[in-house]
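Think of it as A, B, C and D in the order they're written, each chain with its own count starting at 1.
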């Protein structure tokens, strides 16, 4: 029941994968911001399907339409209603999945919780819903000063060694390491050839951060970021700064000391006591391998029968490249909400 | 500004480390629940300082007092106000820290955000605030069916190999592996001897979970748990089920398949599409080494001068054993809120 | 920034009077409810313009389209997105009002608050926004047991003497008193003939109410109803049960006594301590005369110049008949939210 | 379950009439505000029992204690915890009311909703809870610029003719009309002599208001004020500006026209489109006669038996004088929340 994110810059998303349309309503965007559809479209294009050989071949132009909240090219402070029509929905191809739960998917959980569900492509639980988040995030980015960059640092066994941010959009996996990127593509193609999928890790760096963002106790910036990023389907872990490596560290090594020039390290990941310190935010998220795979797997049907299914059709063999813009959007929504 | 957790079982905590008292107000606890102070005290005793040689020697009895919401031994559905007096506050010992920011602490962030701050022991940002959470969590545990167990699975380089849940409260680090526990204690004592501190990893298992808890999109159970656990001071990472190890996994290995007896694995950590599946919840959090250490470190003062400080006094050389009951409390608060 | 109503049955409305469309997103409607567009249309038809000689002659068919949340004729528990296209918008006719504030309208307040505003027909502040509320309210009515009836009990100096609920939809003012209705129509036509407008009072009765709805202190049912109804443009007062007449009453007369058959009076209006008692809810709201009138009035322009304006064009000479379904919708939204 | 008011300046109240204490936690008060207990005490003294012959003779000193959030005489931006001990609770005197519902009170509604309830003096539903609101409101007043004055304009049949604001605190009914005040006192004493009670009307004027407070649609200032004031026990109606008298007015008379000096009338009550215009806010609330009266009345018991009860003991024969500071507090809380 919680399709709204944020408390001051509030985003409500709606829509199913194979319904008429998906969209978002943004409440709390300040008045006077120049805004046109093309401002939003560029981020949507980074998320849309069919960008390369390693993404699904569902064809969606993902054209966004602004229905309200903008007058004479500027926002008015009233709700901004965004709509994206579903053009290449293919509900028929899901008929055989109506009565069976796909492994790794939310199918069974939705069935248990709601009884009546739109099973077509996962309905509301589909990754398609994130297009609405990306659209809202594009507006959020316009009202914050900070600069957000997400990129793939690991796909399967391949780990990026460099952080060349100029390189990110030059390769289909969105890695900041040109050489690693090639190997990552190969890793994905190998998984795809086996009708399988592969996971990875995305890193997000936020530069030009103000100090003072985030609130004590339950409104901590790291807490908000963790919630935002963990709300993306397929994300199984979130870490800030040193993250899980802190377990083996001593306090004397982990503490970020200061001299007159500022901090001399950033194990905190830019956040102390839940409040930004002005250093870059450093966040990493773990992305599981795509649940939809062609390989045969054991599952049960709605009636409890054991069955073998392979999910034929249009899927991404690795979610990482398309989650990159979604992760950026979620971070942008957090920062826009807590300006 | 966000000292309230939850939307239906709402907990508001208040109080500073060296003020008069700390406390919590719980709004949304159902009427008719038997409740007395001793029900809460047992969990507080697991968190309180001075339990062993590896915890701080601040002496606090942490006696909780119920001020409202309970009549003739049962809750009335009205707010339950809990208060714990600060008995062993020692504000004077912080006088020399009034004008300097301690490395790894929230001191500078609070100063930048609020200007005027209670610097004594971190004031509101102190771990002492978590006593109020533990008190509220003890009530939350009473209204949920699920069983929550947290324990140390790593301290420094020592990793627990077993999951003997009966063992947890038998050793001072709260590890489910008796042999590892001894080495963990040694690792902590070694750090302490060097006026240093050490980090670790806590695992939380929730058994007897109902299927259907959690809501799609922004109210996902994993998202709520991540926010709740990341709100604990010192936590730098949260992972669910397979967590960060999913990056190297194939979909065919990661997907939890089913037969008539149920799931045959639990990489999902008990959550699919943000909704509990009925399997155990499996969560791990990374805990950084304590920021307060005796070792000398470089820092700047409020006026921007470089200075060297060592934090003498009463600190835990490892936060893990005392965060264990706090982690349980936060998970309980999430589940009580989303019953 | 608060275009969302409710906390469990949440309704977010969007759209401007002369923009592309208006709409609502409903989050929290239970799954499995049969729902089709015609279920919503009937209430929209009661609110739409052009119903009679005493309403505005703007022509809007107000056809609602369901974009999400319904699958195979039943709700799925996911957000229901409703859209109504603006068909007879006439933005040009507002060009001369771009730089002047209309008396009695929100024009100046929006200008002061937002700077940049959609001035056409009041933009977001237009009564047209209430079509989205009525659409959402029609769904709310389907999930509550209680029966809500609103009607005109006063227009100008004419006061309804009877409460014949069958009569309400038989006359254009929606009065439960056939004879009074005729005089009310005459009163409105007289005001219209003078290029003026007239106010009135609407009463709302909720029968078949459960006892126990509403929460103590700040979630009192009367408090929620007052907020909901006062959020309708033009409403200047709300009273429950005895309302303002209680000022002259003694406690012995005002207290609703009980015998074995139940309460022997209903001065409480069905609410005690903020919680429904099971008696009918009785609520009355005061509706001001329409601000848009042809009569010449003094006002200032954006640049501060004194000017004389008369609002020519399409307005209702009395808001009461069209607010009747809006009032019902708001009461339904409160009750759906607090089931 | 909704014992919290506000979204940015959040106040949570707790406590029962005859429990240990009552209190409030304020979250969102800015840091750096000078605050001491005596700042709060003065408003509490205006609300406390036993002020005159026409108020209850329960003896409560209502001393407020600040438990957190203030350091060295100034707020720190962390939660301010306020506590007031109950000193003259007399739970025994309610023993005979344990199994009977008092007419006009919330007793039966609480019983139906919660089953288990603290019946002593109404428990949580007692007017005593408003002391916590007044304490919080005293802090709210310090952070807003506007000036709030509430006063009695009607008691029974006596209507104040003057608005001499200097006079308000000079008479026990808090009326701005010295002559009317005497008659009001007499009216109250007459009701008291008959073991009865009497109602009245309070007016609230807010001067020095900024334009621009309040948000469109569901965050309208009039809507928030209506909710806030209707949440006070005994309030049966709220009106803004012209209020219910608007029903008989023409638009040409009701519209507030402007010239270069500003508005030439204030029927809007200082609010247009839900947003303050900079004019004074004008609000009136109807207060029912006290439910607790000595006169014998028919009621039923918990077991459904018909019974006759008279409420002996300590009650106010008219709630108006003591609700005056509560009304001011609630308006202050709204304005502090929407600064």
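Odds and ends about this structure:
Throughout what follows, a residue touches a chain if its C-beta (ideal position, glycine included) is under 8 Å from a C-beta of that chain, and two chains touch if they have at least 3 such contacts.
In this text, all values refer to a predicted model and were calculated from it rather than measured experimentally.
Shared numbers divided by all numbers used gives the overlap of an interface; between chain A and chain B this overlap exceeds half, so the copies present the same residues. When the CA atoms of chain A are superposed on chain C, the rotation angle comes to 180 degrees (nearest 5). Set against one another, B-C and C-D show the most C-beta pairs in contact at C-D.
In terms of their C-alpha centroids, the spacing between chain A and chain C amounts to 40 Å. Annotation: 48 Å between the Cα-based centres of chain B and chain C. One inter-chain figure worth recording: chain C and chain D are separated by 27 Å, centre to centre, where each centre is the mean of the chain's CA atoms. Residue positions 1-4, 13, 78, 113, 124, 216 of chain D each touch two or more of the other chains. Taken together, the chain A residues at the contact with chain B in this complex read 1-5, 13, 101, 103-110, 112-113, 122, 124-125, 129, 154-157, 191, 194, 196-201, 211-212, 215-220, 222-231, 233, 236-260, 264, 267-269, 271-278, 286-293, 295, 297-300, 304, 306.
Listed in rising order, the residues of chain C touching chain A in the complex are 1-4, 8, 10, 12-16, 19-23, 25, 27-28, 31-32, 67-69, 71-72, 74-81, 83, 113-118, 123-124. Chain A meets chain D in the complex at residues 7, 78, 216.
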